[in-house]
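As structure tokens, here come the structures.
Shared between the two complexes below is chain A, which has chain B as its partner in the first and chain C in the second.
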Partner chain A sequence: MTPMSMIENSRQQTPFRLLLIVLLSALATGLGYVVLSLPLEDPGLSEQVTAKLVHSGVSNPVTAVLLNFRGYDTLLETGVLLLALVGVWSLGGIPQQRSSTRPGPVLDTLSRQLVPLLILVAGYLLWVGAYAPGGAFQAGAVLAAAGVLLLLAGWLPGARFSGLPLRIALVTGLGIFVAVGMVLILLGRRLLEYPPSFAGSLILLIEAAASLSIGITLAALFLGGRPEVESRR
Partner chain B sequence: MEAMTLLQWAFDGVLGLFLLWLAWLSLASTNLFKAIVLFIAFGLLMALSWVRLDAPDVALAEAAIGAGLTGALLLAALARLDSKSGPKAFHKEDDDPDVHD
Partner chain C sequence: MSHVFLYALVGVGLFTLGLYALIVHPHLLRKILAINVMGSGVFLVLVALAARTGGAVPDPVPHAMVITGIVVAISATALALALMLRVQTETGQARLPEERIE
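So, the complex of A and B:
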């Protein structure tokens, strides 16, 4: 049975649709009740964050939460992104039609001009994340945008770089994150419990590695498959 | 002051309604390309909503990842779908014995 005919069959089944309506109404009522029963004025954890912000190493509360107070979550997020790419790579190689397309002169010139600017913007977002909105994920996304632009303009990573160098770049973010956590455990602290005097530098180190890896991971996801590796002797 | 608050309320209301409308259009569209473009437009308006909610960090991430990269990924996936099994191959599936290999 094809997916299309399954959809048509389910359209004809009125009892099924009625059951769906009842279930969805119950869900909507439940959600509405939960939302209405929330306390109206709840400061959340913002007071605790503001109180401890001095020790976090950064002055932007969002970065402080993401990379310091709640660093474990961000560590796992980087892992999830890497797992997504492994999943895509397990499906096979790059689709063929991509390498044969030739970009027009406008796209070709524009991509050459824009990519350095995008890399600069990514660096700025990474640096400014300590004081203002910005940070590793935003910087990584801008890097990935540069990568996608290059891929659209017909550029492909050389076979020399798509083996070990690409894999090292992909795991650097997660690797440095885990390494910092492990070193801190060995020093007798808890996982990702930075010493306040080094917190700022550690966060910048982790964020720099993470933005590089996030950018390359997202661009590799756009590539849509495992790139060809130079054949071994 | 009064007029500004009223204007902000109106803006937020229109923004919220537009979001719901775009979401519905994107979900209900049978043309996949149109659905993706509507999804990207939805992402951009969503980023605007995050700015209105005083969450510029989330707005940046939404605009870059939610609208930009996810849109590009979806378009790339659509291009792959078209090249592998175009509309013709899809309809032929039922009566073509070669497909069941």
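So, the complex of A and C:
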């Protein structure tokens, strides 16, 4: 397309844009009306959650909902993360331009200093999630940030680790989650229906495995492709 | 409690702005960013409406749903970016077939 026809094209698009703005304004007005017509006070499910919180094994209501009352959602969500990674890996190897850049001395030193601190913060967030804001996803996000920092500083996982060890680390979270659910079914309970006396420990176990897997999955997604695996002899 | 509705309306505005950008911009990176802005709007609406408990602790169920939603949005964004890079290497342009510049 020549520049002239592009200008013509954009001129043709002006009525379309105006129509779009009108339609979207109508949509925004409608959505705003729906939001404003909601009742001013609506406790939702907060009363039920507060009533059952003592049986959940944790005292932070968000963690209780995520890992106990609606553990099903979180289980499937770790599956979605894994599926996204499978999708990215199916598109091919790591894009080429990554390996050519060399980090400056500041990034190199800073990443070495920051990564242990980030791992410590992730552990803290994981632990504090039982009774304050925090939990597996926050911890996993901080771990992923550490991984992204390492990748930006030019570090790549060795071919020795990018085969089976990486895959085991990726599926640990979902695996332990499913395993806990299946064991509970075998014990005559429903999927992820924790016994109240063990609920706290089970949640911590699941969260620890999940945050490790979430962190590594997100960092692997940042890598943008399947890392090279050491060829079999 | 009117600030709850202010936040919710900002969420509606973000959603609409994101939808506009999604339709108007042909470049796929902009479309992916627009979808993320739309998602942020939805999360803002959910979190804001969860605070309508009359001074008590906000409803934790929408908060948990938003955390779930953020993780799903990140996964979808990563997959979309990988697909965009693949489209770029295959065709030389990060655009959908009907919006390519010949």
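Please note the rule applied: the second predicted complex is superposed on the first by the 199 of 233 C-alpha atoms of A that agree within 3 Å, B and C clash if a C-alpha of one lies under 4 Å from a C-alpha of the other, contacts with A are read in each partner's own complex, and residues count from 1 in each chain.
As a working rule, a contact is a pair of C-beta atoms (placed from the backbone, for glycine too) under 8 Å apart; a residue touches a chain by one contact, two chains touch by 3 or more.
Small disclaimer: the values here were computed from a predicted structure and weren't measured.
S.K.: Who does A:A145 touch here: chain B (first), chain C (second), both, or neither?
M.R.: So A:A145 only meets chain B here.
S.K.: Should A:G224 be classified as contacting the first partner (chain B), the second (chain C), both, or neither?
M.R.: both
S.K.: After lining up the shared chain so the two structures overlap, which partner does A:I21 touch, if you call chain B first and chain C second: first, second, both or neither?
M.R.: Touch partner of A:I21: chain C, not chain B.
S.K.: Considering only touches as defined above, state whether A:V35 meets chain B (first), chain C (second), both or neither.
M.R.: second
S.K.: More residues of chain A are touched by which partner: chain B or chain C?
M.R.: Partner with more touched residues of chain A: C.
S.K.: Please indicate which partner A:G173 is in contact with in the superposed arrangement: first for chain B, second for chain C, both, or neither.
M.R.: In the superposition, A:G173 contacts neither chain B nor chain C.
S.K.: In the overlaid three-chain picture, which partner chain does A:G134 touch, first (chain B) or second (chain C), both, or neither?
M.R.: first
S.K.: Which parts of chain A are touched by chain B and by chain C alike?
M.R.: The overlap between the chain B and chain C interfaces on chain A comprises residues 62, 95, 135, 137, 218, 221-222, 224.
S.K.: Taking the complex as given, what residues does chain A use to touch chain C?
M.R.: Where chain A meets chain C, its residues are 1, 6, 17, 20-21, 24-25, 27-28, 31-32, 35-36, 38-46, 49-50, 61-62, 64-66, 70, 73-74, 77, 80-81, 83-85, 87-88, 91-92, 95, 135, 137, 214, 218, 221-222, 224-225.
S.K.: Touching chain A in the complex: which residues of chain C?
M.R.: 1, 5, 8-9, 12-13, 15-16, 19-20, 23-24, 45, 49-50, 52-54, 56-65, 67-68, 70-72, 74-76, 78-79, 81-83, 85-86, 101-102
S.K.: Touching residues of chain A toward chain B in the complex: what are they?
M.R.: Against chain B, the touching part of chain A is residues 2, 4, 62, 95, 97, 125, 133-135, 137-138, 141-142, 144-145, 148, 218, 221-222, 224.
S.K.: Show me the residue ranges of chain B that touch chain A in the complex, using the header's touch definition.
M.R.: Checking each residue of chain B against chain A gives 56-57, 59-61, 64-65, 68-69, 72-73, 76-77, 79-80, 83, 90, 93-94.
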